[in-house]
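Labels run A, B, C, D, E and F following the written order; every chain starts at residue 1.
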């Protein structure tokens, strides 16, 4: 079955789709309607349901999976799905949310396979044990959570995807600048965002938890390291340094780090995080932009528009 | 024996004094000399040693206790101690550093006595047990450390002195604004700066520890709460809220809080801390200022000078 | 008669209500309608009038009092008033605006009774005379105006309500920090916002006057003090100090104070004002929030959301 | 007698000079000395007195006039006065401070003569009467005070000199942009800094008064306008607008204006003030700079250095 | 024919108008409509087309000229054009865009005539030749482009209109402050914004070019000066100084100048630019405002509202 | 001969040294002396000359080469050179400045050899030709100039050293993020700082030129690209994009870039520049720091101190 965003005008639709957003409105003649955003792994598309009832609102809320029949049509320059039939999925149809949300290109297993050798490259036993313990403790969430609710790596397994990409860059930097301590740098990369598995609600329809709002993933993770050290009976500067790398990785107090980087690897960790996030955002935005044109304004990139050159 | 700062020109000196600062210089004719700042509980005074040797530098460094004979004289409008004799204290003279450093007006025992009832006023058992556990664990340091290295409450037992003063103000506010949760507020006041017992080096000649520099008292204390909760097997929102109060008490990211206050008591805790610190700084500066004049510029008060009115 | 906001779905309405806001729209089929916000002392509720004429627009503008019959219904999760009948109030029905706007919990007489002893506690005759003169001069407005057009104390007699609450807090602080000059502090509290009686238009549907916009309540009040001193033939530092307290009470140039606080009581006045305003805003927002949830974003609190704990 | 700054190396000195600054020091062999800055109308020069006593300190403090004999010599690239004889001036020598301080190029009488026609050009009687009243009330100080303690127009009659220069510029602007109200603009220029006659201590060795520090010339002048209006029984928008022009003339809250300009003439007044001040600072700094070189850093010009071109 | 904005309710319309903006919408009953903003030299007015087709969208896009018949009516307090007939203009009707867009009051020829003598007043041959060369090279665009896409001088020939107005002000300043080098100042004024002829798309429906976005008019013009100097074989400080005036004329790095002004004429150029722009914006906004009222908020004037006094 | 900074206390000195800084002072007994900073390739050391004359000042100014005899001694914890004999170098001794200044570890020839393949990897002929032309035009200065006057790469050939290090990092990034255009990125890296060969005075005792101060290396280089394109008759987007990369490489307006990066490679160029500069500064500072200690405050790293861990 072709992805919903790959269809063209006139193509007919007979797809399982996940309702990503559902809002209700009322026309000026008083008739209720619903606006849906429907998605599968390929992306999302808009649809309208007219003359809806409270029953519709109950059945077709966010995070519901539906079977939709209809057709793609052009609505003032933008593709829309004209709904001819819609019904909730049945349990025996075997369609789950993870079948319908975008995710990392590689599977979580492949990503874990790529990550593991970095763990084995670590020479310092304290750093290695702490890192392995924490990744093991949070293994399930670490391999399935997104790294954010939007902007970049905001899909299932986005967190480990981001970490693996950062590790590649970390390795390159450690080779170019041999004064960098690889153990600290790799451990910092692996752990820096693990607190997100508590800060965020989960891989789908991700939102902030109360603890995420009140404490933040940085403080959560600094705690986790302290408790792991206690459990493993590890003492020594490594514990403090890993905590420092985590708590300073946003780079500035204004951006939520209670201390700025004060260790060489902490400074570089902040840069690696930044570059990987920005490349992800730029690639996503420029892919949707024609050569010779500008992207829409990108809020997390200081609201800039980027230009896509006419040559490759 | 009268305090060193209470003496007047011509008074003779025969005092035990603590060397607070010691710096060496060289005159333009190449002769070495030393500038000392000497203190007892009453405050400090300057002195010079001329034609000094390396032996002098070894004997008269900071934190040494000395017996000094000499006289007070006026050096261009400022009192100075003209040294006639100086020698290191002997062990059998029974003089310790704590005999010579300023400290809170009340003893640490009196302060603890004033603090205790606030603990008993707490109704929420989780909050009470966590707070008691942490104060007990750090009791020795909590009752002897300063609250800062300079500016305010920068003397032995300054930390508990600041806490007790804040508790008084917290009580008044809780009465005026009954929606405030007294348990949370009192616990927040008691715990907010306890991390300083790890951030700072001790009650005398206080400096920052490495851990203090790299993690900061806020993150240190958030960890302490997490570990105490684990040890006491306390679960529930109270743990998270106490952590939030501690981590947000500087009020803004720029001031080192990774999250701004997002709970009513956290907002008020920040104000109480601020008012008590500012009153301490203002009182110290205005005491030294004549009516009808301005204080020197006070850096932690945004470099302002304050005016002391001519009437009371 | 129960307040409009205390009714539940299905309850019938037969109330006098004040039109707080009135806007006109047009449906896409070209039919005009009106959206009203209707209030009584308990708060406000929305209502729609369909197929309206210019006559309707004339009759049902903001600040009109109306008699409305109808029913409470649920409109997509929010209570709305379904209007069955509506007519302007008649003069002989004896309903005035003040019967329908929220106001301080205590009456202005009670508030004045609570304020008066603070005046008598003042020992400095210059300060006392100036303060009494100015409160007397503006008595009528001082006891009926709000303290602001929105956010906090934005109701009839909100100004004196705010002042009395600040006096209570000022008294507590003056007891805890005895170096504070009570006369100056109390006078500063009473006078700091009196300029609002010229800056704002009045107790109902409050807006800024031209003078309010161009001069601001701070400069207006500094003038008032100067003129009062001249009239009473009071000379001496007290006049200047009261002017300073008023002009510095916003705390920073960016917030409209041409000078920052440079007197101990001025610094504390700024804090008292802040705490009382913030407690009022927090209480209002948290009251409407369920335990375990966050308030909406509060713009004057730096756009933060506050969390309401699940326990009291 | 040639001005002190016009002399060259080897020229002998036999001048009356005013001590602008006097500081005492002590050599490392313990001998006291004094550093003097001596001035006449042409500018100032440094001198040292060696082996001084308390008697010297008493006689040769700031603001004393002295008769000095000696010689100009070069001290590492800078001219210095080598003192051979020095004594206080005698009363019968008829030398006053005003003979020795720099002042505006034109006399205060000439400046007043240039200012007066602008008063007569005003058509609005309220504005004219208010302005004349205030200039008359403060005539003596207005014509002799500096406009600042340093940076620009910091000399006797600097205030009126600045005002007259601004009036010339105001006239040019009013001709180019005829929508500007000349009455308001001229009155704003004349009055904007008159509060300095209370903010500053006087024409010589100028410092800030207590009132200047606590209230500032802006609030002081807004009061003056209010009181003048009362005395002259002038009512009407003109009073408020003149107050607005004065209080907004610093342009931004951060720069001490409680309101930003909100009237066309207020906006332009701020620019005129700025341009005239900056031209005065630039001219002063560039005059001392050789073509092809940069001035020293100019703090009030955001610490910039300015380049003086090699051609005129 | 009277301008479209001078007509009153009930007047009939039979005008050639330029479509300034065209947007499509859909009513809640699914019917498409179009909103047009139609303009002639007098300004613009709104109109709606109901029940539109794709044909309409094609014919009535932005920058199309149309012949419209209809009537002015009042739509809730605002004038609107009720369209009875509309058709595209025919080529033989001889109506061009420039007949329908606002432009400077004076013709470009008059403006050029006013500008020319300033060129002849220049004494420095390098400066004069460079300036003449560049104005000649870009003559066509320089005399027809706007100075901006909105806010001020945003109409045909707005660029030269702004320059001529600045020259008048520059002349006045050079007379008042004779240390200013007139050649540099006049050349700086003439050249500072010429880069806009490449940064902007043209005199009508002006937008930013790609080069404008990526390089900006400042860098573009600095290049132009370098290339002109090379072509004319002019060497010497004048080239660098003109480049400096152009690149610093925004005054601050935050406003897009890579260097702040560091030459006297550069500092003044920035002020002249600012004053002329602000007067244009203030005049435009205050003209539309009744005496005794405030303008709407003006975004480029830091979002301030300005008051129009009740007297002239 | 061992480098001057490798000697220990008591070692005798008989070295050619370059005077890096020379300042004159005067003792309080009136005797002139000179403080010298003397350097060779290994670094620098302080020395004093006592009882100096104007002859000394003439002979021993900055940038002079001298032959010095003496001894290393310890001056309060810091090594100093006690001068016993000093004389200017003679021309026939064959010692030049480049023998005595620090430089890149690799020779400029080696660096050029490492750079060249990156030029050949470029596929886009326009980019390649422009880059080669500009490197060739400035070859001599590009291979010998420092990249800055202090902080990092502030030694002879520091510019090309920095560029080669950035190219290595650019290559790694281009491999990890294949959407990056290697041609643009490499050319941007090579050209971004070439303007420094005009902004700075040369490889030794480097200062800013007048053109450097008034235009800055960014605008200078944007011009150079424009002129090269004209000379080579290259048209097309590549010219504009290279100019954009150069002018945006400081990343923000506040840091001197008139435009922020708006092309993917521009964004990454800014990061590469930053990382390479910061690693150089961190390595230099941490090398001088013992394990377990903090570096001095590093101004260009936001004044932070960095910690050197106790383990490798």
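Everything below uses one rule, namely that a contact is a pair of C-beta atoms (placed from the backbone, for glycine too) under 8 Å apart; a residue touches a chain by one contact, two chains touch by 3 or more.
Molecules present, by chain and UniProt name: A, B, C, D, E, F = 3'-5' exoribonuclease YhaM.
Because the structure is a prediction, the values reported are computed rather than measured.
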Using the touch definition up top, find the fewest steps from chain B to chain F. 1
Minimum number of chain-to-chain touching steps separating chain B from chain D: 1
Chain pair equivalent in interface to B-F, over half of contacts matched, among B-D, B-C or D-E: B-D
Express in whole angstrom the distance between the two chain centres, defined as the mean CA positions of chain A and chain F. 41
Let me have the rounded angstrom distance from the C-alpha centre of chain E over to the C-alpha centre of chain F, please. 45
Distance between chain centroids, defined by C-alpha means - chain A, chain D (Å): 62
Taking each residue of chain E in turn, which ones touch at least two of the other chains? 27-29, 210, 213-214, 241, 262-263, 294, 305, 307
Strictly by the criterion at the top, what is the full list of touching chain pairs? A-B, A-C, A-E, A-F, B-C, B-D, B-F, C-D, C-E, D-E, D-F, E-F
Chain E to chain D touching residues, read off their complex: 124, 165, 168-169, 172-173, 175-177, 179, 181, 184, 237-238, 241, 260-264, 267-268, 271, 274-275, 278-279, 282-283, 286, 294, 301-302, 304-307, 309-312
In the complex formed with chain C, which residues of chain D make contact? 210-211, 213-216, 218-219, 222-223, 226-227, 230, 240-241, 243-244, 247, 253-259, 262-263
Chain F partner contacts - residues on chain D that touch it in the complex: 25, 27-29, 31, 33, 76, 292, 294, 305, 307
So, in the complex, the side of chain C touching chain E is made of residues 24, 26-29, 210, 213-214
